[in-house]
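Shared between the two complexes below is subunit A, which has subunit B as its partner in the first and subunit C in the second.
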Partner chain A sequence: MTDLLAIKDLSYKRNMHTILTDLSLTLPHNAIIGLLGANGAGKTTLMRLIAGSATEFHGEIRLNDETAASIRKSMVSFSEQLAGLNPGMKLNQIADFYDRVYPDFVRADFDKLAQQLELDLQKRLNQLSKGNQRKFTIAITFARHVQLYLLDEPFNGIDSMNRKKIIASIIQWKPEMATILISDHHVTDIANLLDQVIVVQHQTVVAQEKADTIREKHNQSIEDYYESFYEGENEHD
Partner chain B sequence: MEFDDKVPIYYQIKQYIYKEIIVNRLKPGAKLPAVRQLAVKLTVNVNTVQRALSELVNEGILKPQRGKGNFVTTDISVLVDLRRRVVEGQLAMVYDRLAELQITPDEMIQYLTNYIDQRKEQSHD
Partner chain C sequence: MTSTGSLIKTFWRQKARIIHGAVGIELIFIILTGIYNLFKGSWSDSLPSSLTLGYGSVAGFVVFVLLAQKMERSWVANSYRLIPTSDTKLYCANVAATFLSYLYFMVLQVILLAVSALKFFIDGEASFDFPAEAWQYLTGGVLIFISLLLFTWVFITLIHFVTITISAFLPTIRQKLFRFILIIAVIIITLFAGNWIDSGVQAFSQWLLSGFGLAAPTDTNVLLGLYLSSGDFLLSVIVMSAINVYLLKHWVETKTSMD
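So, the complex of A and B:
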């Protein structure tokens, strides 16, 4: 089976500032993959490029044999897509909006997810606690049926109870052949969930390895493996 | 379930299922939960559970039934062998560590017998 996503020699600049350089990677079908890197390493930018919301790049991004940004946009469910919404909207209004805009959005699945995550759909986006915002993001992202999900720091700033609920939803709702790319700078949260990890450093991908290989061959925890890339450079990140 | 992050998760899931079978919480012929249900319960990836289960199928400990799921084997000789294998695995670790301390096999038996007697007495207190 061919790869779901293939990125070749990707370079990206914004405001004369280089963010990614000569980055190549491939993602298989049916996998949960951790995208690891320090804050500012370019993880979010990489996701925006994959999702087609950033476009002025050099190189090639091929998702299921499609390279056009507008087509890729329709094939990816990206947690950041919520950021552009009017914060005064009620959650069920946002779900209605998604239902109209995305043909792959399944309203019944959203309702089930929202119930499971104990969300009150009469509330407005700006009335939600951080934890409920994260849960709502998960519900709306997974109610779309696509082959690639991009979750940007889905656990940032939330307590362990909410983290557990979100992780359970991810396991339960991932479509069988779909792939999930999760960025995180605190890998312990998701170590048990990952098939592979990708490490982003110095504006590019410095490693991509299977979780079982890290544990079996290198005899390391995923956290130790990740931290080994930062040894000796504590001062300059 | 708590996992050791230095050991492959599929391997730890296998050990967990071995234990459930040995202590008879999973009885011969019992049906295992669906793969996704197990994944949610153990908070791991579906692929990881799948890998653990397919190895257990290869070892003959689980019997898949098309469209119905996985069942613990009813072949008692396989289960007796499993129990022996798991116990020996534990003993091997103790043996190797004591051998590193240059304890002879005869001394090991002596120490182990004494230790078991001590534990028995403690549990009577």
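So, the complex of A and C:
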């Protein structure tokens, strides 16, 4: 089976600042992959480029052999897709919005996910705590049935109870052949979830390794493996 | 992929909220001012119509600005830009929904005006018995108003997109200085654009001066001028839209949480 995502020689520059240089990687079907890197390494930018919200790049992004951004958008569910909505909207209004504009959004799944994550759909987005906002983002993201899910730091700034609930939802609601690319600062939180790890450093991918290989061949935990790339550097996250 | 119909409906709902809010506030103002005049003893039969026209004009301007603001925000919002559709369709749907929303607002204003002037209709004092030429002028006036509306929204988008495109090439640290310079540049560009559309506005002014429905038109060239000016505006809308779609596709990115 061909790879789900193939990125070749991707370079991205903005505001006279090079963010990604000659980055190449492939993602398989049916996997949970950790995207690791220090702050400012370019993880979010990489996700934005894959999702289609960043547009001017050099190189090639091929998702299921499609390069057109509009088609890519129909195959990717990005956790940042809520950005720009009116924060005064009620959660069920936002779900209605997604139901209207995303043909792959399954309202029944969203309702189940929201119930499981104990979200009150009558509340407004700006009334939610940070933890509940993250949970809502997960519910919206996974209610779409797509092939690639991009989760950008889904646990950032939330307590361990909510973190566990979100992790449980990710495991439960991942469609069978779908792939999840997940970036996070707390490597230990997601280590047990991961099938593969990608390390972004110096504006490019410096390593892509299976989690089992890291544990068995390198005899390291994923956290130690990731930290080994930053030994002697001050920018360690 | 999301259908164009769903896109227009979605953008329409977003904008209909603005219009309902504005008309609601307008109604409150009309009623409160009416009650005030009633107690003050200065009520007249024509007061409701005058109030509707007065507050309606203010609401029209506010709605115009809010619709423009809403449209510009959606270009840089993930929630809209990540919808699985082409940028061309997204652009057309958003502009069309903005335009249709304003037409809807105008229809609401006509209904309000008709209700406020109900007494004159019942008493048989109001009449639509204008000369045929007056209707032609009215059509021309509406056409030029509509094309001017579209022109202004598309022009605002063009300035927004050009600003974003140029900003992408400048260092982050000088963005504030750059934006200040850009505002000045935009003012200058707007003045040039003002000259460009001057001919259309002049024709419109001549038509207004000829007397709205009260005097028979004396210069048939004015009517032709109105139609030609509308065509001129609409042609500009098409050209600017082509540039806007290109910039949207290649240069206009969504805002990040750090923006």
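Here are a few things to note about the model shown:
Heads up, the rule we're going with is that the second predicted complex is superposed on the first by the 234 of 237 C-alpha atoms of A that agree within 3 Å, B and C clash if a C-alpha of one lies under 4 Å from a C-alpha of the other, contacts with A are read in each partner's own complex, and residues count from 1 in each chain.
By definition in this document, contacts are C-beta pairs under 8 Å (C-beta built on N, C-alpha and C of every residue); 3 or more make two chains touch, one makes a residue touch a chain.
Nothing here was measured: the structure is a model prediction, and the numbers come from that model.
The superposition on subunit A brings subunit B alongside subunit C with room for both.
Vertex at subunit A: the C-alpha centres of subunit B and subunit C lie 160° apart in angle, rounded to steps of 10. By the touch criterion defined above, A:70 lies against subunit C but remains apart from subunit B after alignment on the C-alpha atoms of chain A. By the touch criterion defined above, A:52 lies against subunit C but remains apart from subunit B after alignment on the C-alpha atoms of chain A. When the shared chain is aligned, subunit C comes close enough to touch A:82, but subunit B does not. Looking at the shared chain after the overlay, A:192 reaches subunit B, while subunit C stays out of its contact range.
By the touch criterion defined above, A:172 lies against subunit B but remains apart from subunit C after alignment on the C-alpha atoms of chain A. Of the two partner chains, subunit B is the only one that A:223 touches; subunit C does not reach it.
For the pair subunit B and subunit C, the model built by superposing on chain A gives 28 Å as the shortest CA-CA distance. Within subunit A, no residue touches subunit B in one complex and subunit C in the other. The touching residues of subunit B, counted against subunit A in their complex, run 3, 5-10, 36, 39-40, 43-48.
Interface of subunit C with subunit A (complex): residues 1-2, 6-7, 9-10, 73-74, 76-87, 167-172, 175, 249-257.
Residues 30-32, 164, 167-168, 171-172, 174, 176, 188, 191-195, 211-212, 215-216, 219-224 of subunit A are the ones touching subunit B in the complex. Within the complex formed with subunit C, the subunit A residues making contact are 14-17, 44, 48, 51-56, 69-71, 73-74, 76, 78, 80-85, 97, 100-103.
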